[in-house]
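For reference, the structures are reproduced in the following blocks.
Two complexes, one shared chain (subunit A), two partners (subunit B, subunit C).
Take a look at the complex of A and B:
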């Protein structure tokens, strides 16, 4: 029996249980998800998009899921300390794939009309929002994880900011993997920014226990006209973790979206971004850092669709690979017919510290408009020997010089992070990572 | 200070230095001149411990210690400095961070605590003034976006910061206009003391008008073929290297 069939059987046998643990739009999307999963299956290595990461294989074990929504106690006090310090945020927690309210997660401090909290609750309290937006971007008509996620997703997080509202304080969603048994987690995040709305959302992905986890995460982002969103996705899990995420972004006219992925520690990770410019005059800044060692693997794939004219996309992804780690980056920029005055820059730079480390990079540009400014570039190399010797001549020991050069390398990406306290914190986290002081995310004790 | 005996060294299995003998005492300024390809840069790289070069024979002692046993960073801590002919750009590493790390690593080596931040800033200012290096450079990445002259001034600034006992100036005059040359030479002269020594490696007499050598050597095919007083530099400027080479080759017959 194929793994897909296992999941389909599991779904059919437990449909009532799944629906009971969820609500509204989440439940009504399942029929279509089932059809799509049957038709397209899970992603596998035979597909070009998954050449370097066999995501389908991750689904082969008979994963347990918390379909009955059993309460899985999580030590939030411990997690709270782990939150990116020096950063005053409005905190929310997802324990595995359930929204967990906590004392610190009160909605009172947010401006009127803003919803930040459980996706399941939102399906009951604000059904009109979910009817309009849930599942409208996530594309299930292809092999991916959108279908399987939609099939099983029972909860998650929703941020809704109405027209004209600015949420000044950054919101921080800490997702915690914590379980006594190996677990598959279906996380769903929906972000809707109305016209002229603004928000900053920091997602911190942590694993509190050393079990095996498979996370399937689907995020949909609607950026309304003239809105501004900063979305940070920081993964700090461990070697036994597998994470497949899909992020869908739709940008209306004159919107500004910044997305920064930081994979500080992980097992195997695949992040896929589908971004669409639906209105003119929009900007997208899409960046990523991956620091991997041992057998770790990170694969970022981005697809930026310039559907209309006068939009700008800027991409910068940098990887530092040590030991036998491997990485992949594939970036496609599509400039459609009529998308004039598009400006697009895509850069992927990588450093392999050992002979065993591997990097696969594939930048792609597809242009059907003639008045555009597009460039792309990719490099794979080693640390600069000349710089290294120069530093040693000035008395900086080799190990320290290496550290400084690696930090400087990823520092360029950190420099693009708009949220200043996060920038400082990332610099420190990356330094610790390179010094081997973050050997794994041991329940976040390491990041204090 | 520095004692080189019968030094043979090369790169990629090719011997370039074929028996160098040189003694530099405290307070002395030596000039090493020679035609292209004579081994001048190899000699400075070998002395500061560039990993690409191999020493096959001979010995080098620096302040009584075996220099060749030390990694490059320890040679620096012991007081050896080289001003690079082509200073390296290091994007993303600020001058301040670079210098703070260098100074504090040296202090660690000497068993001293790190320099207090306020003292460090004062110290930087004092040394910047010496080579007229603007404060704005301290926030920039090392050598990135610096002009040729600024890069060389930055080398002398670093020399001032690290207070070496022996400085090797490798073709420091190359790419410098006369004003920049004066500032650089002035910096070097002000750092001179009876306890410190300088080796100036240069093609031309020009720099030696400003940094007066006590002893001038001619390097040719990996050997020092002539050693004399400062007048030799002037003579070389006027007559070229051919006569020295001929004199040497005749003596070998």
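Take a look at the complex of A and C:
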């Protein structure tokens, strides 16, 4: 039996249980998801988009799923690892895929009308928002994880900022993966920003136990007119973790969105971004860093759809690959007919540190309008010999010099992070990562 | 101002014409029945008087082709092709009556090539000129300077002759670079291929003149499936040119060729193409489907293969001249200008496969889209595990003229060696308004200004062409851009 059939059977047998553990719009979206999953199946290597990451294969093992919403105790003290010095954040927690209330997560600290919290609760308390937005961007009419995620998602996180409201304090959502069995997690995140609204959201992924995890995460972002959103997605899990995420963004006129993906430590990761410009004058800054070693694998795929004129997109992804790690990047920029005055720049730079490290990159431009400025560039290479020589000449030991160069290499991406304390924190984390300290930390018992 | 004046008169002269090679020649042509079966393959082989092993090669390819499906991954909208509605062999050299003499060519055929500007009389060619193999439909009409070249040990003849006269060389190299299993069109070509050119440059010989093959489709209802094989032995050098035209017809004609090149130790091959198949009319009616597999195996140490192409014709182009850089220190180059206008579609680029140590490749691609056309660059840079010190630089620029066309870039990079340096850059933009304004200000009308700027934009590639071709290519670019300004 195919894995898809297993999941479909599981769903049909447990439909009532799943619905009971969830609410409203999350439940009503499942029928369509089932149709789409039956029609398109799971992504597999035969598809060009998944050529380098066989996401479908990840779904083959018999994963445990917490459909009955059993309480899984999670040690939130572990979250201190995620604290960003000098940055006071509004903290929220997800234990696997269930929203866990914490003492600091008090809604009163947020401006009036703002909702930040459990998606399931939102489906009960603010059903009108979910009716309007939930599942409206995630495209299930293709092989992907949106369908299977919608089929099983029972909870997650929602951030809703009404028109004209500015949330000054950054919000931080920490996901802790912890269970006694190998677990599949279906996480759903919905971010809605009204007209002229502003918010900053930091997502951190951690794995606490040595079990294997499969995370299927779907995030939908609606950026209203003139709104501003900064979204940071930081992954610090372990070798036995598999993560497939899909992020959908819809930008109305004059909105500014910044997305930063940071993969510091992982097993196998596939992040897919689908971004659409629906209103003129919008800007998107989409960045990514991956520092991987051993047999880790990171695959980022981005698709930026310039549907209207006068929008700007700027992408920068950098990978440092050590040991037998492998990386893939595929970025596509589509400029539709009539989307004049589009400016788009896409850059992917990679360093392979060993013979076994492997990089695959595929930047793509598809352009149907003439008055545009679009460019992309990609490189795969090593650390600059001349720079290395220069530093050695000045008495810097080789190991140190290598580290400085690697840090400078990813520093360009970190420099784009708007949130200053986070920038400092990332610099430190990356340095730790390059020194190999992160893989030996106490918090991560799964390290090899 | 003289040069501008000259350019202007050139443009004036050519703007009166559209596709100047669109005439047909009324010559008795022996065309086999339409359709493709095992019998067709046997018939072609029989007509060409081929040995048994050649027939076996064709049949194997045909049987494999039957198991394959037409590829759809390219960014092209290809209408359904009825492979049973094409005649796979057309011979314009067969006399109506009387014994066939190789020396005697139908005067009509001679006239055709004269009209195309291809001299088949050696005495008419410029001194130190170009040796030409002229292929019409499925058959090589004449190969010039064969004798002069033979004195140096160079073999330059049609593929049909090579199979008969140099079977050992053909057997050794045919299909060694492009296997019949390679792709759908390669299998089709391997089954039904007709004349192309065979070139062998012996050890240490520098070919004294440019070798050239001119392909002409003439008969209606046929396709052209030529096959070219070039072998450059150690320390040799050859520059090879290829040109092609076809009559204006409402039907779409299929051209599915294979070019195989083997470059041995320290040898160098320069392969230039000016592709000017009939592109169809301004409404997208008619035109040649150009589905070609071109690949060079750069096998020897310090060997070099350079592809230069100017693509202005064809309704649909599907073509990726590639280099397999197997020899240590070998080099591959790809310079391309692809211009699409009206409803033309092109998906073209290159593959550079780095296998040997210290291999280098350069890719410069310039795409120009106008009208309603779609122009894509698709390229692969692959660095194998043992390709220490591999170096690649790719640059793909696209120029858009008009708001209804499309320019797309699909580069693939697959690097398995940490010492490799691979760089890719691409830009897409419209023609600079400042430059146009500057030209207009000086009294150069819009259409000519565009011609000038486009020629300047493509200069980097045009400079790589042999002189005769460079002049032709510049003319072509200007003609193809006609009526792009509303």
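Assume the second predicted complex is superposed on the first by the 435 of 448 C-alpha atoms of A that agree within 3 Å, B and C clash if a C-alpha of one lies under 4 Å from a C-alpha of the other, contacts with A are read in each partner's own complex, and residues count from 1 in each chain.
Operating definition for what follows: contacts are C-beta pairs under 8 Å (C-beta built on N, C-alpha and C of every residue); 3 or more make two chains touch, one makes a residue touch a chain.
Note that the structure is predicted; figures quoted are calculated from it, not measured.
Once the complexes are laid over each other on subunit A, subunit B and subunit C both fit without any clash.
Here the vertex is the CA centre of subunit A, and the angle it makes with the centres of subunit B and subunit C is 70 degrees, a multiple of 10.
Legend: residue contacts after superposition of the two complexes on their common chain; A:409 is shown touching subunit B, with no touch to subunit C. Of the two partner chains, subunit C is the only one touched by A:382; subunit B is not. In the superposition on chain A, the chain among subunit B and subunit C reaching more residues of subunit A is C. When the two structures are aligned on the shared chain, A:72 is found in touch with neither subunit B nor subunit C. Of the two partner chains placed around the shared chain by superposition, subunit C is the only one that A:48 touches, whereas subunit B remains out of contact.
Of the two partner chains placed around the shared chain by superposition, neither subunit B nor subunit C is touched by A:430.
Once the two complexes are overlaid on the shared chain, A:228 sits clear of subunit B and of subunit C alike. In the overlay built on the shared chain, the residue A:167 is in contact with neither subunit B nor subunit C. In the superposed model, A:278 makes contact with neither subunit B nor subunit C. For the pair subunit B and subunit C, the minimum alpha-carbon spacing after aligning on chain A is 14 Å.
Across the two superposed structures, the residue set of subunit A contacted by subunit B and also by subunit C is empty.
On the subunit A side of its complex with subunit B, the touching residues are 384, 386-387, 389-398, 400, 404-405, 407-409, 411-412.
Looking at the complex, you find that subunit B touches subunit A at residues 48-51, 71-73, 76-77, 81-82, 84, 87-93, 97-98, 101-102, 105-106, 109, 141-142, 158, 162.
By the touch criterion stated above, subunit C contacts subunit A in their complex at residues 73, 75, 383, 385, 398, 400-430. Residue ranges of subunit A in contact with subunit C, taken from their complex: 48, 337-338, 340, 350, 352-355, 357-382.
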